[in-house]
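In the two assemblies presented below, subunit A is common to both, partnered first by subunit B and then by subunit C.
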Partner chain A sequence: MHATVGLPRSLLFHKYHVLWETFFGALDVETVTSPQSNRAILARGIELAVDETCVPVKLFLGHVDALRDKADYILVPRIVTLAKDETACVKFLGAYDVARNSVPGIRLLEYNVDVKNGIRQRPELCRVGETFEPNRRKVRRAYDHAASEHLRYTARLDEQQEEVLARPGMKVLVVGHAYNLYDEMLGKPIVDFLGKNGVEVVSSEFHDTAKARTLAKLVSKDIPWTYNKELLGALESYRERVDGIIFLVTFPCGPDSLMTELCMRRVKGTPSIMLVLDELQSEAGLRTRLESFIDLIEAGKRRAAVDGAR
Partner chain B sequence: MSTQLPASRPFKVSFPHMGNYSIPVRLLAEQLECEIVLPPKMTRRTLEVGARHSPEFVCIPFKYNLGNYIEALEKGANLLIQAGGGCRFGYYGEVQEAILRDLGYDFGMVRLLGGWKLRDHIGDFKRVNPRLTMLRALKAYKLALRQTQALDRIEDYVRRNAGFEVQDGAFEEVHEAFLGELDTARDMRTMAEIESRYLGELEAIPTERPDDLLRIGIVGELYVLMEPFSNLFVEKELAKRGVEVHRFVTVSNMVEHSGRKHTAHLDELIAKSGDYVRYHLGADGTESVSMTYQLMQQGFDGVLHLKPFGCMPEVNAMASLQRLSREHTFPILFISYDAQTSETGLKTRLDAFCDMLRMRKQRPGDAAMADGAETLAPGAERSTA
Partner chain C sequence: MSKAYLGVDVGSISTKGVVIDADGEVLARSYLWTEGNPVRAVKRVLAELEAQVDGDAVEVVSVGTTGSARELTGAVLGAQVVKNEITAHAVGTLSRHPDVRTIFEIGGQDSKIIIVRDGVPVDYAMNTLCAAGTGSFLSSQARRLDVPVEEFGEHALRSKRPTKIAGRCTVFAESDLVHKAQIGHKLDDIIAGLCAAIVGNYLNNVGKGKEVLGPIVFQGGVSKNVGVVRAFEKATGHEIQVDDDGHLMGALGVALVARDSGLETPFSFGVRDVTFETVGEECSGCPNDCEVVIVLREGAYLDGWGNRCPRGMERVRERVCAQEGSLAGAE
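Up next, the complex of A and B:
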């Protein structure tokens, strides 16, 4: 008997997929990932979700539903705190209960991370592993292996980012959560469009979390959300080395609306725009804004070159 | 600790409104020994100026708070207080301060972060008033808490009974007089005396309670629950329709379940949620679901769920509530507030909701029940489709 675990390609998948895939792989559990976001998944998510839910959670519910008959279990983590004095966005607190109450006919596997209250990822994910493998030592070994693979993977991403930053040409930093940036329906069209227009895209993925927390304080002293601290860390460490900044926000994200407001007021000197994505967006409108943003950066560069020549 | 004092002296302290809690907050602020400038009473303008300078889709309490600050600064205040709390509230202060500075105001701000523990905040207050001692602050805190309890008890009684007054405005008249007296009370005995005297006066008001009266519970996000202006006076509107209104989110209850007792309180709420919640949903979300489930079991006729547009903890709760409403055919009216919410729209929905509840009562077992619940809880039927 081989059990399968479904991984919805949404929310934290884009941060932890290496961890999850390696962990279950080491336990001989097959993982099934939902397809890239598409219109049908989004439409189903909109149908299942409360109207005012943010777009990423609507997509999440669509992805969970897409796995309904494809896997024995569907993995949905519940993340509350990853460190003291900070918290994850509230949607990660509720993701498990929201999926359970919104999508009929599914079996969920959940793990709960609440470091502030002493609930850590390792024992929680190991508990999930014990559903499939009675040998506890084997499960713990699988976790440790997966955790180190995850670290290796994120370190490589950071290195790649440095390579992009070292290249010549126009560079734009896109500040947005991984689940927006890498989603086929949300961030991907924007990243692709920038690439096609000869712009190097620097993502706000920043995996040195300790450094991110320190850097984040330079922009915002009080910001409580873990993943937003990482965005601010990226912003602080890359912004002098890019030509423009795009804040990518999904409607109606609370943390991002406050964070972006503060960033737009405090980060001066680099051209920046805020793009708000919703489920009704038109690509034409986005393109026009991106094109004019690129024009604006180019004009600024030309002016700087002329001034420099004088 | 996060305090920046204004350049100009003397200090003139102000803080945002929330219901009638400016009464106990004023008592606390008096310990700072400086002039207190209450923001003007909330009007449409408060919301307009607040919304104009706020991020577009930030939740509405932010916009009201900012409107209060701007109107207080216009009145001469120069030291603003922002209390922390769960969820986005904890982050309001820093962003509001940046917005107000960009608008060119000269002011200081005390941002209270990380919960309600007096010990953590005394340092902030001492910078404003060096003569303040822990003992004195503690005494003031206890007094303010007593004042809050008196306020909550009286207002709870008003909520439950004002719908049945024989003479229009009788309850409001006593309530107003009570607020005036409570505002001047500065010792425990006076507060207790005022509370019991006014409770007696309220009980003496003649009422007519019909046999088939409606009992409705109100749950949801704390600010729109406790600031009547922001919820378009929904409790008064219900009273006008002859409803006994129950609400459980009050500052007294929040204080009672804060600090060390918080986790136990959440566990209890989850245990009594009928398995509609297994993990805490954030802020007031768990309480909204659990209280709704408990009220349903207690035979309430329906529940109103209020939240600011986009409030994520309550959106989380709605997933559970919609399923509960569907599975038990229990009527829940969901109301979202943003800067555009219209009073007329609200009144129409309340009329329809109350009519539907009355129909259910008169003709039990009628198919109209299920239909009513469905139309009033849009989306509730969707996941079975």
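Up next, the complex of A and C:
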């Protein structure tokens, strides 16, 4: 009998799906992923969530609920800190407990990462693996294999970004968390719209974490949120090589509202806009903003060409 | 026959139209309320414009639409150009004020700032989730105070001591306004305070972090309110220019874009007499339940949007057309 583990297609899934899928695959455990975000999932999430939570958390609860009866377990990590002097946004700290208390009739698997207090990913995820495989050595091998696959995958993503940056044509950096950028309802329509209008999209996913941390210090020494540091790293690394920057923020995100403000003051010279997404968003408003942003970049490029010819 | 170009700007509150000649001179202008029915408003604008142009001397060869109903209007008029209102406003304003460096714009439901340097728009911002400080906010406060919104400016100018009104949020502004009236502030002072609150809100939200340099042009419906104009001058320290045609800049801009597009198809004002109908329906083919809108011209499919996938459009189109067919058959 094969056990199945459900992976909600939200929050950290977009960062760690290769790690999780490879790990469970190596242990002969089948993974089931919730469908792409859709209106029904969002509506269910809104129903389950406390009003004040951000849209991504509402979507997350909708995805957890979508996996009910579809898998034996649902994996939700509890991420507190990934390095000393850093912290993850509170939603990653609370996701497990929020899901456990909000979504009825589910069995959760959790693992903790709190590097500041000596709790690391490897032993924690291995503990989860032992639920399915009593042979500890086999579980550790599965983890190490998954971790190297994850690194290989993210390195490839970074390379692909460099390839996009090397191409001619208009390039726009979209700064936003993976769980927003790659969500079917949040970031995807924006990325698709840009693509349809001939704009190459560079995402703020930046996987060289050591480099990201160094670069982030150039913008601010005090930002405590790990994933925001990665965004800052991407911004510093890419901003001179793109024609425009879009900050994608979901309402009401605390860390992002501070970060975006800080960044927009920093990127003087490169056209930039902030798009705030909420659960009631209208695509018409987004299109107006994106279209005019593209017009603006084109006007700037035309002028640069004229100035250059002179 | 000389060539002319039509620009139509359909906003949430008002609908604007201009006909220009090849030099960008305005031959005809129209401005009226949308009243929640963009197609009817556009037809009325067309009637007003047609009455002002000499049909034997000029021929409209290209049409542009802008504003929040630009897509629908574009389909109805068979427009060559459908442009977002930010670009349209920038183009229109630059044609009249080539030296402008900042454009303030406050409309019925949105507000924006466009930063222009050396005749090229380089940056812009638009209000995000909140409509506080836009025209509809002023109108609703005017109703509460029982003063026609058109007279707000005069009242504000009479005030010597503007009352401080919390302008952060429409809901709070409203309760604050009632409170200030109850404790005895004068009507003129309250209205002046309201104008200042709008300006403060605009500069702190939409204008946040933007380098506001003169010359500044202020447009949109709210620019007709001298109280707000004065409040802007006080807050920025710059003279604020308000064009008599300020409310037409979007229409003018998109007419210019249509002219410069080089796309030409003879346009007939007769489109006024054609029956257009719009049908909005949820697809229900998948959990996304896209709201698909279909435009029918004399009962036949003309255009549609709102679908995330092509299947959605087909489903709704078939359903709607089948319905229309059965209705036609019953008659």
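As a working rule, the second predicted complex is superposed on the first by the 310 of 310 C-alpha atoms of A that agree within 3 Å, B and C clash if a C-alpha of one lies under 4 Å from a C-alpha of the other, contacts with A are read in each partner's own complex, and residues count from 1 in each chain.
Definition applied: a residue touches a chain if its C-beta (ideal position, glycine included) is under 8 Å from a C-beta of that chain, and two chains touch if they have at least 3 such contacts.
As the structure is a prediction and not an experimental result, all values here were calculated from the model.
When both complexes are overlaid on subunit A, subunit B and subunit C end up sitting side by side without clashing. In the superposed model, A:D278 lies in contact with subunit C only, and not with subunit B. When both complexes are overlaid on chain A, the residue A:N112 reaches subunit B alone and has no touch with subunit C. Figure note: vertex subunit A, arms to subunit B and subunit C, all at CA centres after fitting on chain A; angle 80 degrees, rounded to a multiple of 10. After overlaying the two complexes on the shared chain, residue contacts for A:V98 are found with subunit B alone; subunit C is out of touch. Judged by the touch definition given at the top, the superposed model places A:I41 against subunit C, while subunit B stays out of reach. Residue contacts after overlaying the shared chain place A:F251 against subunit B and subunit C alike. In the superposed model, A:A305 lies in contact with neither subunit B nor subunit C. Contact with both subunit B and subunit C is seen for A:R265 once the two complexes are overlaid on the shared chain.
The wider contact with subunit A, measured as residues touched, comes from B rather than the other of subunit B and subunit C. When the two structures are aligned on the shared chain, A:A210 is found in touch with neither subunit B nor subunit C. Between subunit B and subunit C, the shortest distance over C-alpha atoms in the superposed arrangement works out to 5 Å.
Once the two complexes are overlaid on chain A, the subunit A residues touched by subunit B in the first and by subunit C in the second are 251, 261, 265, 276.
Residues of subunit B touching subunit A in their complex: 2, 55-59, 62, 87-88, 90-95, 98-99, 102, 111, 113-114, 263, 276-283, 285, 309-313, 315-320, 322-323, 336, 378-379, 382-385. The touching residues of subunit A, counted against subunit C in their complex, run 35, 38-41, 251, 261, 264-265, 271-274, 276, 278, 284, 287-289, 291-293, 295-296, 299-300, 302-303. Taken together, the subunit A residues at the contact with subunit B in this complex read 47-54, 78, 80, 85, 89-91, 93-94, 96-98, 100-104, 110, 112, 117, 220-224, 251-255, 257-258, 260-262, 265-266, 276. Of all residues in subunit C, those touching subunit A in their complex are 68, 83-87, 118, 120-126, 128-129, 209, 286-289.
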